[in-house]
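These are the structures in question, set out in turn.
Each of the next two complexes has chain A plus one other chain: chain B in the first, chain C in the second.
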Partner chain A sequence: MTANARLLLMGWKFHFKMLARSSFNGWLGVIYPLFFATVAFFMFRAGSKDSLLYASLGASVMGVWSATSTSAGAALQRERWHGTLELLVAAPAPFSLVLLPVTLAMATVGLYSMAATLLWGRVLFGIDLHIDHWLLFCLSVPATVIAIGMFGFLLAVAFVRYRTAWALGNLLEYPVWLICGFLVPLSFFPAWVRPISWVLAPTWGMQAIRESATGGTPVPDLLVCLGLGLLYTAIGVLVVDWFLRAARARAALSLT
Partner chain B sequence: MSSVRLFFVGGLLSYRALFGWLSPWVLIPTFVVAPIFQILLFVYIGRSSHTQSDEFYVVGNALQYAAIPCIFAMTNTISGERYQNTLGAVLATPAKRIPLFLGRSLPVIANGFVVSVFALVVGGLIVGVSIPAGSETEILLVILVCAFSCTGLGLSTAAIGLLARDTAVLSNIVFGILLVFTGANVALDDLPGWMSTLAQGLPLTHGIEAARRLADGQSFSAVGGLVAAEAFIGLVWGVLGYTAIRTLEWQSRIHATLERA
Partner chain C sequence: MAVVEAKDLKRTYRTSTGILRRRSVDVEAVRGVSFEIGEGELFGLLGPNGAGKTTTIKMLITLLIPTAGSATVLGYDVVKDAREVRRRIGYVFGGDKGLYERLSALDNLRYFAELYAVPPAEAKRRIEELLDLVGLAGREKEKVEGYSRGMRQRLHIARGLLHDPPVVFLDEPTIGVDPVGARELRATIAGLTHAGKTVLLTTHYMFEADDLCDRMAVITRGEIVAEGTPAALKAIVSDRTVIEIETFGVDEITVEALRHVSGVASVSIEERDQAQVLHVQSPAGTELTQTLLGVLDGTRVGRVAVREPTLEDAYVALVGVDQ
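Up next is the complex of A and B:
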C-alpha cells in the first residue's frame, strides 16, 4: 500500500516537473486556452456583461481540460517515442499506477492555465473573482483537476493501440468545452445532449466551482465529480491489462 | 519545363511525404470533426452571450479554420525537412527556389480551401444557416483567396521554423492570434482600436468580412475591394516568407546553422 502510494506520488512529481518544462505542455498549455478565453470575454462583454464571472470561471477550467485531452491521448505514444513503454509494461509495478500519475500531472499543469486565465480576466477585462465559499472553492478546484486527470487516464488506456492517439485526444477538446457547460449553460443544448454531459466529470466539477463561487451548494456536485473520476479510474484499471495482453499477443505494443 | 515539374510534382510529393496529418486517423478528427465543433462552440457561446447571429459564427469560424491546414501544413512541409534530415540535401540542389518553395504551397491552399468549404456547408446545415442562392460561387472564390492569404502567412511561419525547433507551438500561437484578431468571432468594432488596426494586416480579416456580406446578400462588386485587400495581404505575407526563407538559407550556409535548431 505504502509502495503504491509512493509510486503514485513520485510518478506525479516526476511527470509534473517534466511537463512543466515542456514548451508544448507548459508554455502553449497556458497561452492556447487564453486565446479562447479572450474571445469569450470579448463576446460576453459585448453581449452579456453580467455573465463575465461565469465566463471567467468556465474559461479557466477549459485550460485544465486542454492540458489533459491531447496530452493524455498521446501519453503512451510519448513513452513509445522515448523507448520506455516496453520497460514500463514489463516492470513488476502495476501499469495503472505508472500511467495514472502521468495524466494527473497533465491535469495539474492545467492549474497554470487556470490561474493565468483568472488573472488575465481580472487585469485586462476587470472581472472580479468574487468567491462566496472560499473553502469549498479550494476543495472544488483540486477535485475537478483530479477528476479530469482520471478521465485522461481512461483516454490514455482507451487509445493504447492507436499510433495517432494525440489526434483523437485533440478531437475531444472542443466537444468537452462545449457540452460540459464551461461557457454555455446546459439548458441551451438539445435534451439528448444533457445525459452525455452528466456522465462527464468536468460538468460536475465546473458546477461545483461555480456553486462555491456564487454561494450555492457545491458539495453534491463535488461528490459526483469525484465519484465519476473514481469510476473512470476503475474502468481504466480493469481494461488496461486486457489491452496490454492483446498488444503482447499481437506483438503490437511498440506499433512499429 | 523542369521548374514547372518541380512546382507541381515536387510540391505534391513534398506535401504527401512531409505533412504527417494525411493519415485518416489524423485527417478526420482534425479536418472534418474539429472545425464543426469549433463552429458549434462559438455558435452556442454567441447564443449564450446574446451577441451575433449564428451565421456570423458559421462563416467566421469556417473561414478561420483554413488556418489549421494552411499554417500547419506550410510550416511542416518546409521545417519538416529538417526532421527528416533532408533539408541540407534540398538546399544543396541547384533547383530554382521559387518553384521549389512555392510549389509546396499549392496543395496546402487546396487543403485549406476544401476544409473551409466543408466546414461552411456542414456547419451551416447543422446550425440551420443557409447561403443565398447565387452567391455560392462568389463565396467559394473568397474562401480560395483566404486559403491563399493564409498560406502566405504559413510561408512566413515556415521561415521561422528554420530558426525555432518547436514549430507546433508556433503554429498554434499563430492560429490563436487569427482566432482573436480577425473578427471570426468578435466583430472588429467590439475589439480595442489597436487590435482592429492590427487585424487589417492579417490574413482572413477582409475575407471573412467579404464572405459575411455575400452571405447577407450583397453583390460581389460590393465586396471586390475586400477580396482584393485579402489577396494583397496574402501576397505580402508570402513574399515576406519567401524572402525570409532565402535569407535564412543564405545565413545557414555562412554560419553553418542549418541543423542548429
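Up next is the complex of A and C:
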C-alpha cells in the first residue's frame, strides 16, 4: 500500500473511531433516522407501496447528506477549538489527504443512518425494502456515500479559509433534501432548479439507488454521481493549498 | 551554518473594531526579529505575554507567513519550502489543546505518525520508546480526556518527536504544569540536546531559561532587546542590588511613589498568596532600605532582604514591565 493510500485509510479509521466514541452522536444516530423514516411514512402513506419505498429510500439518503453537510463544518470547527487544525497543517502530509478522510468518516456515519432509517421504516411502518438489482444497489449506496463525502470535503476546504463556512453546510442541508429529489421527484420543481440539481452528486446517487431498487438502469446515474464526486475532490485539491496559504497569511488558522 | 536563522522577521495582524463603522487596525506583533541558532543548541526566547514569542515561533514552523523578512530552518525557506521545513521539525506547545481527547494516547500517536509518514514498523518502535521517555508507558491506552495537564504535556512532547526531527520548537511547554511535572519536563527537554537536537524554547519562566538554555534572546513588544548566554544577561544587572520587601495590601500609588525614590532603577511586584513581594532594583552600594520603608509607612510590611540580582531581575530590567 502506498503511503498516501495508507494515510487515507488510517485517517478514515481514526476519525471514524472518534465519531463513534461520541455518545451525543450516538443518540443523534438513533433519533435522526427515526425522524427521517417517520417523515417519509407520513408523506407517502396515502400512496402506493412503491411510493412508500420511494420515500423510504429518499429518507435514508437524507441521513447521509445531513451527517456530512452539517458535520463537515462542525468537524473543522472542532479541530480549531481543540487546537489540532494547526498541527494538521504543520504536518508535511498533503492537507487534502488529511482532510478527505475526515469527511469520508462522516459520510460513513451517514451510511449507518441510512441503514437505520430503512430499518425503522420496516419495523415501525412496515415499509418493505424490495430491491430488484441487489448488486447494483450495493454499488450505488457506497458510491453515493463516497460522493457525498467528497462534497463534504469541498465544504471543509472552504472552512479552512473561512471560519463561518460551517453556516454554508447548515444552509445547504434542507434545500438539498428537496432539489436532489430525496422526497419528491425533480419534475415537481421549476425548470430553472434542474441545472442546480444536476451539478449535485446526491441527485444522481439518489437516482442510481432508486433505479437499482426498481429494476431500472442505474449505471449511468452511478457514473455521473462518481464523476461529480471526483470533480469536487479535484477542485478541493486544487484550491486547498491556495486557501491554506491565504489562511497562513491572514493568521486565520488559530482563530475559533 | 545556522540551523535556524531569522532575518528581520516582521508580522502584522489586521484586526477590526466597531460594529456599524468597522475600522481596520494593524497590530505589529513582531517588528524585525533576527537571530541564529547553531546545531545542537538550546536557544531560549523569553518575553512577557504578548511580546511576540508565539508569533515568531509560528512563522518559523510555517503556520504564519511573515509580513516582511525571511527565515530558514536547515537551509529551507519557511515560506517557499514549507513542506521541507515541516518534515524536519517538531512542534510542541503548552496547554490543554492539540490532542484528540476522546481517543487514547496510542491512537493520537499512531495518527500523527501517519501524518509524518513514519513507516508502520518504525512508528511502533518510536511510540514505545517515546512513551518510555515521557513516562506514559502503561497509560497509553487510556483516553486523553482523563489525563492530567502534566500527562497531556508529556504526550505533546512525544507527539512532537515521533518522526525524530533534528529541530524542535517548544512553545511554553511547562505552562500550567505542577512543579514536579515541570521539573520532569525540563529534564526531558535537556535530554533533547544531549540527543543532538536543536531546540528553540519560548518561556517566561526565568529559572527554566537559566536552567536549560545555552543562549537566549529577550523579546518585548515584538523586538529583541538583548541576546546572549544566561551569564551574559545576568551581567546586565551585575552592578545592581535587589531589595525584597514583603508587603500585605500595598496599593498602586505607594508602588508608584517607590519608583520615584532617587536611586531606584525598577520596582516589580510578585504576588505570593496574601502577600505582595516588591523587588526593588538599585545600583550596588546604594543603601535605600530605610528610605523605602519610609515610603511604605502605613503599609503592613513583613520580611525585608537584600540579595544579588538574578536572571529574572535582568529580565525585568530589560522588558521594563512591572509584574
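For the reader, a short list of remarks on this structure follows.
We adopt the following convention: the second predicted complex is superposed on the first by the 235 of 256 C-alpha atoms of A that agree within 3 Å, B and C clash if a C-alpha of one lies under 4 Å from a C-alpha of the other, contacts with A are read in each partner's own complex, and residues count from 1 in each chain.
As a working rule, contacts are C-beta pairs under 8 Å (C-beta built on N, C-alpha and C of every residue); 3 or more make two chains touch, one makes a residue touch a chain.
These figures come from a predicted structure and were not determined experimentally.
In the superposition on chain A, A:A249 makes contact with chain C only, while chain B stays out of contact range. With both complexes placed on chain A, chain A has more residues touched by B than by the other of chain B and chain C. Legend: residue contacts after superposition of the two complexes on their common chain; A:A91 is shown touching chain C, with no touch to chain B.
After overlaying the two complexes on the shared chain, residue contacts for A:T214 are found with neither chain B nor chain C.
Judged by the touch definition given at the top, the superposed model places A:G83 against chain C, while chain B stays out of reach. In the complex of the two chains, the chain A residues touching chain C come out as 3, 6-7, 10-11, 14, 17-18, 21-22, 82-84, 86-93, 98, 245, 248-251, 253-254.
The part of chain A that touches chain B in the complex is made up of residues 23-24, 27-28, 31-32, 34-36, 38-40, 42-48, 51, 55, 162-164, 167-168, 170-171, 173-175, 177-178, 183-185, 188-189. Across the interface of their complex, chain A is touched by residues 11, 13-14, 58, 61-65, 83, 86-87, 91, 93, 95, 97-103, 107, 110-112, 114-117, 120, 159 of chain C. If you check the complex, the residues on chain B that touch chain A are 21, 23, 25-26, 29-30, 33-34, 37-38, 40-42, 44-51, 166, 168-169, 172-173, 175-177, 179-180, 185-187, 190-191.
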